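Presented below are the structures under discussion, each in the form of structure tokens.
One chain, subunit A, appears in both complexes that follow, with subunit B as partner in the first and subunit C in the second.
Up next, the complex of A and B:
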């Protein structure tokens, strides 16, 4: 295993061009200190990453850029909206559509934006570089990336689409995607992030870090669809920081990938914050989908609400770990967390670990987790009305999933994802 | 209400009221741990060679193990060479009646309020009282003997029923299980042994009172309970300990083996010395408790009320191997001042149609930390397994912490696993409601906390429930109001 760590270190020194030399060197030092996590690490207890780290991924992907048509073919509903194509960790300007950027929204590459005060203040401030090898790796290698700045008081009504694509054709390749969103005071925005693969048969590894800063009174919805190919590895860390009176909602739909691990950290560091986290994971075959979430309540009077649902079939493995931390000062916190899983086969596995750590007394925190199967009575109801068993099951599973999908307020996106989920459910169930 | 007022009286008056040292001579082993000490203990107890071999094997394995650091508790590193591993009240003559008992020991019991005679006469509880490490007195032996029930100290069982000990010792908690189980296997001093033969329903509640008595003595109890086919037994264990400044280690092992159609109910009230307000002193309670439902339709139920100890770290578990077997865990864990508790259970579902219920109530006050950590595992062949877990935490004050770490591992699609947890404080509206009806705030909190724990107290045998209610109030002293 040590050889792979060295492999990454070598790759790092081979390329001397750096946008943030100090940060990147430091992150690499953290990475080389930590090495890759093993199953002894509580955060990785159920998620074996041997297939990822044993592979020698190529860092340079042959120039084979996606065209605008190819992107639109994959996600047709984005046409006419602001579209940013983040290809192999870099913005592909040709395929992107930046013709109608609304007032108050600034879109830049990380390199272009590095001297902007907001970027200097917030970049790499929330990612857990010293604790997580993959965050460190991302920071060390992310030379390019996407910066979205939303001015104070700007209300961006239309969704901003970010299509993240790995376009390697034959070579097993790695990409370090980096996104920074800074929402100014009183601003509003919706960001829809879609992760896809260009080629359905290439092994790829996307290591993504998303940082979101939500300033006072701002409101951000972040939708994340993960639909890379069946052979891909995805590790995605989302780190959110909320100021007073802000509202943040994230909807994660995880469908594709051989190993997919999400880490969502949200820090509520102001009064009256509101947070909604919804997640859906549908896994079949021998997929492993792991969602780790953590909410840190640091200030009083904040509300957080979390619901994650999983449907696991085949020999797939679903992992959920949700943490709620309520710090000493965070009185009057309301935190709710729920995780529900349906197992479709006896070879499928679910490991759930909802976790509460409370240090304040005047709080209301609850969590619940269930694992089971479809309600027999509901199934019987549908069957008695002449619906065949497979269709009835599909309907019930979709209804189960809709609790999550209904939180996506971008209608086009919701319909698109709903279609994907329906297809995936059919593939998983039988 | 009068009962509650009494509680409050005791609360306001209360230092740790069972802290006293009785002055009888102990027969101590030298400090420290080595093969020689293991041999010394074994020799002291006149053990046969196979027992010594077993201990030595465990000791050698222990040497290869590392002290676990994963629980959510903090304490200075234990120096295992500073502990006295064996201490027995001096040369014990065989006693036939209570009058022959050492008056000092008897006084200790009286101070504890155990009062063997009274227990014997009134409540029909057979008491196997353990002071420090040697079983001093077993009552009702003859009566139980008529039914074929064996209830004696562990060392007696080694001599009198070696075939049972050989068969069952380590069958639920192997000597290699964990660091403290291995240590216990090597140096365990004594404990209780209980065997209920086929089809016998034990007519009384079997009870052991544990006390840690000699300063600097680790208490390494070993309990083995076997319920043969169709048997039933309810087993009580209750503890109080004298006040000490040194931390004392208690690493017990309890094994329960439940055969086909058998039922074992194990209840504990634990009130060892928790240390003073600044966290000085107190007992480390690192215990391995596990039961196996080996046969069909068997049942094991754990009920615990944990109010004492500086650190409580234990997970009474059930392995549900037999089809249709049932596991239950009811727990109240109270921490106050600087106490720490990391407790919970493990339910391992292996057989078909197995059921488990977990109800855990954690109450933290002062600067204490209270964790629930539990595992529910449904293995691949455990068709129709059912689990319901509920763990509620109550926080009294803003200096304490409550933590919940449930692990749910499901490998079978027909399983139904539910877990619920809440954390809250005593509601102002609830107190207001009581105030309105002329109940003072202190009384109201007492009422509400007791109501919070009712589900678990209901599972306790009657005498214990009353005691538990009082203990709860005493433990929460200072954090109420």
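Up next, the complex of A and C:
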């Protein structure tokens, strides 16, 4: 029997259709050299991936199985908006709605866009292909991802929805999702990315890489909802590069999945950048949700602000690792980071590790992590007003979560996610 | 309405209530006074169902064994505790919280949920009772409220939930004279032939505004003296030492 690394190498050889042959071959070579990470790797210390790598996933799921109706049934609020359905890593044009793309926004597949200068410049430039086996695998296998280009000065007021769906019915399947966003100078856009499953009972593995280039004075909000089925494995790397005077805000809400691992890297490579990172994870059963974030302050006068919150019940496991690097030149940096967790059961576990590495001397940085139980006084107060214990707990947990959700400025999306969180809180708490 | 027989309560091995007896009829206002540490707040907590205590004795509330009920069941049966230190709950608006409370109590009593329009109307009406600013309903429960605002919010909640038995735990503490008047007016507006009150206070001052039918002195975990409202005046004049001496004798 082939080892799993060889299994992936064989799958690569079997499929000869490549849009970026040089990049893809090189990425595969990196993967082949690194192999899959083990728990000895600090980045993967708490996140065992044996269930993922031991599985023989199908790489070839039939295309375009999701209809527009199915998508709208799942996420009704996207109706009437620009909608891109990324099914099994490829754009499903039939289910997408590209009928009212605003001026200044270009939506293409990677293949269509490969000769565009912005794509040549930015594609695969920020992903950590040399250091991360899953990033390398994604680059090797991603052939048909999504490219969103926002022209200079374009202000895209309405959100652009990306629904990422794995549509295998009963065969364990893998998809390599790839998204590249290039926001031109002085542009503004909001991208709402929703990862869901078509089938609630199929084991799936979505290996996703998102790259975002934010040019000078541009502003991007990226909302990421992860709500794939409870058997799913999700590994998602988001790599952001910010130029001077740019603003980037990301809201990550991780709900559904068996093993869910996020990596968020943001490089601030210009003066006066502003960055907001908000994350919420709600885990129950035997779920594992891992958020690793790193922000690299490379230039002076930048502000980064990070708050991640977790609510963990059952035998679930939450991992938070947040790094702030302040390089020698990055004077007058303001960097804040906070991670707060509530454990709902005795068997729930959280590993939180904030890290600061500061090489500049005139900076303001704070970080902190707390893990605790629900506040008994608040619970008694609500119950003393006639509110049933379970409802009272759900109210308090939702209030804790709303601190994160309130940063999502896309109202329809926020309301939708709030409903999902409320339902999930009821499911994990008892 | 309420009958307490030989009520005991201890926390972490320390006995605080040591056999307390009290009977409260419909529409009556009972003041419970006493020196610090006599067990006044413990009595309020035990009646509301706080779980930190080991409790003995019997408490019958409208025919039910109160001590067997959860805090929410007590509230649903018409008990209300105005907290001495109302809790701040970030992220839950006063309106959301109260709507849930009103409807939980209605559902438990076989009534339908109140619709949003009726609920808003009710809130407006009851807010006027304690001269509460309407922006407070959108703010998080007690978060950033001044001491006076918190106490007013307690009485506002009481008015919204229309309880049968109200326990006011040192509602006068931390109030200036204006706030005390507003809070007392709110309470007095809620007095009627059916609704009963237990007013726990350290000072007689509150009883100038909320005039009780009976005054009890709680000392060392027991009610050691009961009398008409004039007893409160006597306590104000003479302090508690003579009571302590009487008990010791």
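Keep in mind that, in the parts below, the second predicted complex is superposed on the first by the 426 of 430 C-alpha atoms of A that agree within 3 Å, B and C clash if a C-alpha of one lies under 4 Å from a C-alpha of the other, contacts with A are read in each partner's own complex, and residues count from 1 in each chain.
To be clear about the criterion, a residue touches a chain if its C-beta (ideal position, glycine included) is under 8 Å from a C-beta of that chain, and two chains touch if they have at least 3 such contacts.
Being a predicted model, the structure only gives us computed values, none of them experimental.
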| said: Under the superposition described at the top, does placing subunit B and subunit C together on subunit A give a clash or a fit? | reply: fit
| task | Give one of first, second, both or neither to describe whether A:358 is in contact with subunit B, with subunit C, with both, or with none. | result | first
| request: Give the label of whichever partner, subunit B or subunit C, reaches more residues of subunit A. | output: B
| said: Under the stated touch criterion, which partner chain does A:403 make contact with: subunit B (first), subunit C (second), both, or neither? | reply: second
| message | With both complexes overlaid on chain A, does A:423 touch subunit B (first), subunit C (second), both or neither? | response | neither
| query | Just subunit B (first), just subunit C (second), both, or neither: which does A:50 touch? | reply | neither
| request: Scan A:378 for contacts with subunit B and subunit C and give back first, second, both or neither. | output: second
| message | Once chain A of both complexes is superposed, is A:98 in touch with subunit B (first), subunit C (second), both, or neither? | response | neither
| query | Is A:391 contacted by the first partner subunit B, the second partner subunit C, both or neither? | reply | second
| field | Shortest CA-CA distance between subunit B and subunit C [superposed frame, angstrom] | value | 14
| note | Touching subunit A in the complex, subunit C uses residues 48-51, 70-72, 74-76, 80-81, 83, 86-87, 89-92, 96-98, 100-101, 104-105, 108, 140-141, 157, 161
| Partner subunit A, residues of subunit B touching it in the complex | 380, 393, 395-425
| remark: Seen from subunit A, its contact residues with subunit B in the complex are 326, 328, 331, 341, 343-373
| task | Within their complex, state which residues of subunit A touch subunit C. | result | 377-378, 380-389, 391-392, 395-396, 398-400, 402-403
